[in-house]
Structure formats: C-alpha cells, structure tokens
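You will see chain A twice below: alongside chain B first, and alongside chain C after that.
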Partner chain A sequence: MSFLDVRNIDVSYGDVQVIFDLSLKIEEGEVVSIIGGNGSGKSTLLRTISGLMQAESGEISFIGKPIHKMPPEDIVEAGLIHVPEGRRLFSLMTVLDNLIIGAHNSRARGKAKVAETLAKVYELLPRLQERQNQMALTLSGGEQQMVAIGRGLMAQPKLLMLDEPSLGLAPILIKSIFETVRKIANQGTTVLLVEQDVKHSLSLSDRGYVLEHGRIALEGPASQLLNDPHIKTAYLGI
Partner chain B sequence: MLYILEDAINGILMGSIYGLAALGLTLIFGVLKVINFAHGSLLMVSMYVAYWTITLSGLHPYVALVIVVPIMFVFGYFLQDIVIKPIFKAEKNVREPITVIIVTTGVWYILDNLTLLIFGPQYRTLQDNPLRGKMLEIGEFMLSVPKLWGFGAAVLTTLAVYLFLQKTDTGRAIRATSLDREAASLMGINAYKIYNLAFGIGTATAGVAAVTLVPFNNVFPTVGVLFDIKCFIIVVLGGLGSIGGALLGGIIIGLIESIAPQFMAATWAEAIVYGLFLLVLFVKPAGLFGVKNDW
Partner chain C sequence: MTRKTLERCAPLALLALALALPLAVQSATYMHILIVLLFYAYLTTSWNLVGGFAGVLPLGHSAFLGIGAYTSTILSLQYGISPWLGMIVGGVLAMIVGVLIGLPTFKMRGAYFALATIAFAEGFRVMVENIDKIGPFALNGPRGLQIPPLGFGLGKMLFADKEPYYYIILVMLVVVLMLTAFISRSKLGYYLNAGGEEPEAAMALGINVARAKLIAMAMSSFLTALAGTFYAQLNLYIHPKSVISLDLSFEIAFIALIGGRGSIAGPVLGAMLLRPVSDFSRIYFGDTLPGLHLIIFGVILILVMTFQPRGLQEPLTRLYHWVIDRLSSDRRTA
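Now for the complex of A and B:
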C-alpha cells in the first residue's frame, strides 16, 4: 500500500460535485505535484485529504490507516500536514506564536522538542527569526508564506501538503519559495505540492498529476509531463 | 468636589465588578463568535452557588472561591459540551450560527425558571458575612469594603485570564481558534474542546464575579437580568472579545452611573450609558479598546 492512497473519491459542495472518481498515490520520500487551472478542484482535493471536507464516496488511507472519516486534528496527529491556500496565519499573533501553535500535536509538542524543531525551521527560513516577535499581519506576502510553511514544518510532518505557496508572490520570491520546498524534500519529507506555476513545480517534483474539472487528466513522471504537448500548450504557453 | 471624587472612586470599584461580570461574556464571544444570552443566568446560578456555599460552610466569602470557581467551570464546560456543541456540529458550515444564539436564550429561560421553581422568588441576603455593610474611612472618604475586595478580584482575574491566554499552550490554542477555527484545526487543535474550555473559563469568571457580589447584592432568580444588558453594553464598549476592554468598559459604566446622578436625574444617567453605547456602535464598532478581530 502507498504512503498516501486516495481511491475513487467524489466530493461536492452541496449539490455541486467538483471532484469526480479521483484516485492518486504518493510513495514515501516522493515530491508530487498536482497542477491545474483555477477552479479545477485542487484545494477541494487537499481539504478532503486533510479532513476539512468529507468525500461522499471513496477512501483515503495514510500509512496504511483509513483517514477519510477522521476529523482534521486526528489526521494531523497521524503526520499529514496541510498548509492551506492563502496562508491562513493567526494574524494577531506573533510569528513565534504562529510557529509554536504549529507544534500543537502530540508528536511535536514538548519544550525541548519545540526548541529543536524551531532551530531547524529558523535555519531553513532565517528571515523568520528576525521577525519572530512581529505580528503575523504586519509581514509581507512572501514572509507570510514562509511563516505558513514554517508552521507546517513545526508539526513534524510525515507528508506535507502545500496549497499554492507561490500564489500572489513576486517572481524572485516564488523562486525562493520553491527552493525552500526543494530543501524540505531533500531533508526527507514527503511533499504534495499543489500549484498553478507548472514549470517551477514540475521541475522540482518526481511525479505529477494534471487536474482538470475535478478529474485527473494526465499523470506521469514530472520530466515527461514537462515535455507533454498538451501541457506545453495548455499550461506553459509554448 | 470631594463628594464627586468619592463617588468617582466608588464608581470605579463598582464598575470593575461589572467588568468582571462581563469578562466571561467577552471571552466566550471571542472564541465561539456567538453572544451567549445565558450569561446573566450563569451569573445568577453562580450567585446561588456562592450564597449556599458561604451560608452552609460559614467560610469567608473569598475563601469560598476555591469551591465556587471549580463548580462553575465544570458547569460551563459541560453546558457547552452537552447542550451547545451538538448545535455547532449540526451547523458546522454556517459561519455565525443563529441557532446557537437561540439555544443560549433557551438556556437562560430554563435556568431562571428552574431556579424560581427550586428556590422560590424571595430575595436572599448573606447573613453573618464579615464584609457586609463595611466601610473604610480614609480621611474624608468613605469606601465600601466589599467593593474594594471586588475591585481587587476583578483586576486579578482579568490579569490572570490575560496571562493564561498569552503565556500558556492552552491559551495560545484558544487564541488561535478564535482567530481562525479552520486553520487551528489544521494545527491539530480540536475546536470543540477549545469551546468547552472557553465556556468553562467564562463561567468560572462569572463565579468570581458572583462571590464579589453576594456580600452586598441580594440573590434572587432574575438577578442575572439586571446584569445581562449591562454586561452586553460593557462588552461592546470595551470591544467584543477584548479581555482588558471588559474591565475598562465596566469602569466607564460604573463612573457614569456614580457621577452623572450628581448633575441630572438618574434616568438621564442611564440615557447617557445607552447613548455612549450607540455612539460606539456607530463610530467605532470594534469597541473603544478592541482591535478589529481582537485575538
């Protein structure tokens, strides 16, 4: 069985179905991208995996355990961490408090453990240390995204899901965010990256899925997808 | 002039107790995002618990805190867990579920009528209590001793709740939930457990307020109603969800109530309170001391 195994899920908002019979697999240590345009269902998929929404049918298992009936906090305990779209920081709390909250789950909790993880996060994202006493809402967009990622890392993820981390950032910041994601993967964390920035995300991934209208339209090794004629015309504008 | 100063000080003392009574309302709103219409009733229940604890045990009212506060914490915790939580779950996708407000109104009616049924309509006054009617004379000033104690309790309780929210892991989780419930659940925080805790703590602070009140305030089934509207005004003045704002809002109301009658009919003093309330709603809806989206 795969590390994360999504089997034939259907997801709806009320009467409107947005995910159709979708299946995907992620193996331990992989970096997998899910790419797709606006409204194709990427965020809905992640929200369903992390338990914020329930699939109407289908199953999801993580490290051999079914999780599709669990509340989000139990899924976090299992080690599956979702960094949501739009960062969703605790705006009136300091950067440090945001990071510490990330370590709320029982695997990450404890003074010594938190200090150790925090040191690692600061090493990866030194900017956060400079800003640690600032309120999250006073940060720039790029810094906020770093806090969101750092907060996710504080949870000691076994699988980190990132929903459009490059959204709304300047090109230079986008580059540094993707470099950070690469570093996280190199340190051994399995990563599921949802992106509209097809080129950057596929370049650092092992495999990719293309999501169109709530269905997997295409899947394969990232290098193969980057050269796929459909992707070239539809997503890369070549 | 001296009279006015004396009135002002007594107004601050009484106002701080109003603020203490309102603290739980603002805390519960800050976390659950619903106005708890049963808050006055929780204060009333707390006053009965305080009254009977002190009467039956013969303890000094403030020693009775160690019994009253845990009882009220447990009461609030399970009231939320058993009565209110199911409604939240049923309305999970609604941002500000109005049905929860209706349920708290139901709780208000049930608690008030149950108390009437059990204890009858009579007014109860704490007998043999060491604080009763005591005045402290400082130079020309006469200050009410039980209200001085109340002031101390109000400041300490507000400070304790503030520090708890700022400094502890649980406090941090409560703040996170109040700012973004969904994001908090992605951090592994169980929002319903946080709601239970916030309700428990909010009710426990009503327990502290009750202990400060019973030495000089009668206890009867509808006593909560007197405080209900006042608490609501205070919480809006201070900023919904603002911990320090409740204390300051209470002191403002206390000052208006004590000073204004020197210059006008008492009913006008009340009109000033409501006028200020409306003015704040129009001009600064986040409250005098609240940040927009305060913690």
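Now for the complex of A and C:
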C-alpha cells in the first residue's frame, strides 16, 4: 500500500470533465512532481486530493485510509496539507497570525507545540521572523510565498502538496523557493509538487508525472523525464 | 499616568459619560434620539459578527428583528408572558431561522449572498403582511400589533419615562461590545476572518469555514432578535413595514460600512455619525424632502469608501492612540 494512492479518478466542473481515469502513487519520503501546461488539470487534481472538490468516481487513500469521501478538515487532520495556488494569505493579519492559523488542526495545536513548530519554520525561512509583526499584504511576492509555505508547515504535514510555488516570482526567488522545498523534503516530509517550471521541479524531485488534458501522459524517475525527447520539445523548448 | 492605565481608563470614562448623559438631556425628543442611536449601534454590532468578521454582506437582518419583536409582543399580549422571557424565546427562534438561512446561503459568494438574504427578508415581510393568524397566534397582518401602555414596571419592560429604555439599551450595547471584543480575539474570530478572505486557503488548512460562519450567524440573529423586543417595548407598536423593512437592513449595513466593518468601534462610530443625520434631516426636512437622509448616507458612503475604505474607525483609532500617547507619562519617542 502506497503512502498516497489515487486510483482511477474522474473529476468534472459541472458538465466539463477535467480529469480522466487518473491514477498515481506516492511513497513515503518521496518528492514527486506533477508537471503540465495550463488547463491540464494539475490544480484540480490537488483540490480533489485535499477534499476541496469531489471526484465523481475512483478512490483516494492516504496511509491506508480512504479519504475521497472526507471533508477537507478531516483530511488535514490525517496529515495531508495543501498549499493552494497563488499564496492566498489572510492579508490583514500579521505574518505571525497567518502562521499560527496554519497550526489549527489537533495534531499541531497547543502552545508548546506551536512554539516548537514556529521555531523550525523560522529556521527554515528566517525572513519570516524578521517580518512576523508585519501585515501579510505588505510583503513582497516571494515573501508571501514563503508565508504560504510556512503556514502549510505549521500544520505538521505528513504529505505537503504545493501548488505552483514559483508562480509569478523572479528567477532568483524561484531558485530559493525550490531550495526551501528540497530542505523540507530532506527533513522527512513527503512532498507533492505541482509546477510549470519543469526543469527546476524535476531536478529536485525523485519522480515525476506529466499531465496532459487531464490524463497522465508520462511518468518515471525525474532524471529520466528530464531527458525525455517529448518533454524536451514540449516543455523545455530545446 | 502610564499608557496602560490610560488605555484601561478611557473606555470606563466613556461609559461613565454615557451613564451620566440622561442627567444633562432634558428633552424627551433628544432622549429618544439617543436611545435610537444606541439601538442602531447595538443592531450594527450584532450584524458585524457576520457582516464584519465573516466577510459576507447580509442584507436581511430586519427579519430577525421582526421575529424578536413579534414573538415577545404576541407572547405578552396573548399570554401575559413578560417581554424579558419573550425576548429569549424570540432570540432562540431567530437563531434557528438564522442557521436555516445560513445553511444554503453561505455557499454563495459576494453579491449572491447579499441578494439571497434580501430575498428572504422581503419574503418574510410579505408573509407577515398577509397572515392574520398562525394557529393561535394573531399577527394581525399589515395592521400590526399594539402594546397598550398599561401597568408600567421593569417586569413588563414598559416605562412612562425614556430613561429606563436608555439604560436598558446601553447595557445591551456594552454587553454585545464586550462579546464582540472577546470573539475578535478568540479562535472563532480568526477562523471567521480567515474564511471570509480566503475560504479556499482556510479550508485547505483544515478550518471548517461553514461551521464558523453558522456559529457567527446564530449569535448574530439571536442578538438582533433581542433588539426587536426592545424596539416593540419602546415604540409600543409594531407592523411589518416598521420592523421587517429593507430600509432597516440597509441602514445597518450603511452604518457598518461607514463606521468600519469588522472592527469593534466601527458600528458605534457609524451610528454616532449617521443617526443624527437621519433624525435631524427628518425633523427639519421631513415634510419637504422626505428620504433626504438616504441621499446623505449615499454621499457619505461614497466619500468614506473612496478615502477610508476600512471605515472611519481607522483614522479615529489612530487619533485615539495619538491622544493617549500625548497624555501618558511614558510617551513613546516620536
């Protein structure tokens, strides 16, 4: 039994089907990338796994427990945390309050525990400590993305799902965000990364899936995908 | 005095001033204006639990006011039950209705939610206007209900003078303000705030946004209904157009938006600014330009939204802190 096991799911927005009979597996400790162009169904897949949307058919199980019928709050309790696309900070709260809200679930709650996780998050993202009393909306894009990732970490994820953390950032910041993701994985958190930045995300991942029109077009070890001729022409433009 | 003691004393001084105010005001008209001002401050503060903290715009709160007013009045007219008890019954009824409305409508966003609440309140008004009796309870349709001014006393919540009403609504306002202050610093306050701005992110962190909103709605509708009983006992006459009107729902929203949604002081400041406008324009222009106050409200709203989108509480809070700072002995270095 895999850590996360998605089996044959179909997902639609009303009449428009976006994901077709999709299956994927993630093992504990892995970093897995899902890459694909706009509209290929990447974000929809994450929303379905985290319970924000319901699959029409198929099953999803996490550490042996079926989660496809659970509401999002129970899925979070199980340890699966989704950092949605586009940061989505609570803009009128301080950075610190944003982070603390992340520690809402029962595994992460409690004063001592929150302080401990917070120290870890600050160690990983020292910039946030400097800015902890600032309102979230006053931060730069890169800093906001760090808060979003930090907020996800505060929830003590067993599996962290990141939806396009590089969105709208300068190349140098993208690099630092990906380095952070790698550090998170090295500390033992399983990471599912959804990205358009194929080169960066595959080079830090163990495995990858290529999503096209809601179907898995290719899968394999990340190094192999990086050298795949189809990926080279379609996504890397080489 | 140090800054801390000053910050603690300032609200108490304000409260003392409010308690002493009836001694200075002799005219019953002005007394009534003050009572209505506090009544609106109370209503808007109750509304603020949903409309401010949860980031939605409910425009049908007059329905809860109506439920409160009608419940306690019917119970006291037909069964001789004290309005104080009827107040609680009305509150519970309104709370149930509030949750029932919230269940389907909180799934809607922005204007759709606002429209749904308007539709509900209007539907409710039309029903009450056309129903003479529900079982044994006489609603009297559009003619409304009259409370005969017989047998004054605290138990009947009926008084010959204005002062008792003033103190009742003042106490209600202080209690609801303290409740709001407590909630804004509680977990619920943060969940509402988070779910109001970024529901998706809040849900992805495991916050049950819908439940937080329903709890807020339950409290808000309960508290609003209490004000309904107060309204009935103050005016001794209720009819659908007076207690379930859209004007009232809109006025609450106006006050909140101008004063500052989601803040604690905002609704009170908004009421202090807008109620006098409303009352004095009625006194002086009531016969020549009826409805003038709504035009003035609109102009004020446009100005406030353009220059202070977070309401008047923001500059006033800054001023307040500045004054406290000037007066305190341990001044922060400027």
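By our rule, the second predicted complex is superposed on the first by the 238 of 238 C-alpha atoms of A that agree within 3 Å, B and C clash if a C-alpha of one lies under 4 Å from a C-alpha of the other, contacts with A are read in each partner's own complex, and residues count from 1 in each chain.
The rule is simple: a contact is a pair of C-beta atoms (placed from the backbone, for glycine too) under 8 Å apart; a residue touches a chain by one contact, two chains touch by 3 or more.
Keep in mind the model is a prediction, meaning the values are calculated, not measured.
S.K.: Both complexes share chain A, so when I overlay them there, do chain B and chain C fit or clash?
M.R.: clash
S.K.: Given the touch rule stated above, what does A:E77 touch, chain B (first), chain C (second), both, or neither?
M.R.: A:E77 contacts both chain B and chain C.
S.K.: For A:M93, decide between first (touching chain B), second (touching chain C), both and neither.
M.R.: Both: A:M93 reaches chain B and chain C.
S.K.: After the superposition on A, what does A:R151 contact: first (chain B), second (chain C), both or neither?
M.R.: After superposing on A, A:R151 lies in contact with both chain B and chain C.
S.K.: Which partner does A:I101 contact after superposing on A: first (chain B), second (chain C), both, neither?
M.R.: Once the two structures are laid over each other on A, A:I101 reaches both partners.
S.K.: Check chain A for residues that touch chain B in one structure and chain C in the other, and list them.
M.R.: 50, 52, 71-73, 76-77, 81-82, 84, 88-93, 97, 101-102, 104-105, 151, 155
S.K.: Across the complex, what residues on chain B touch chain A?
M.R.: Per the touch definition, chain B meets chain A at residues 169, 172-173, 175-176, 179-180, 182-190, 291, 293-295.
S.K.: In their complex, what parts of chain A are in touch with chain B?
M.R.: 50-52, 71-73, 76-77, 81-82, 84, 88-93, 97, 100-102, 104-106, 109, 151, 155
S.K.: What residues on chain C touch chain A, complex-wise?
M.R.: 187, 190-191, 193-194, 197-198, 200-208
S.K.: Going by the contact rule at the top, pick out the chain A residues touching chain C in the complex.
M.R.: Residues 50, 52, 71-73, 75-77, 81-84, 88-93, 97, 101-102, 104-105, 148, 151-152, 155 of chain A touch chain C in their complex.
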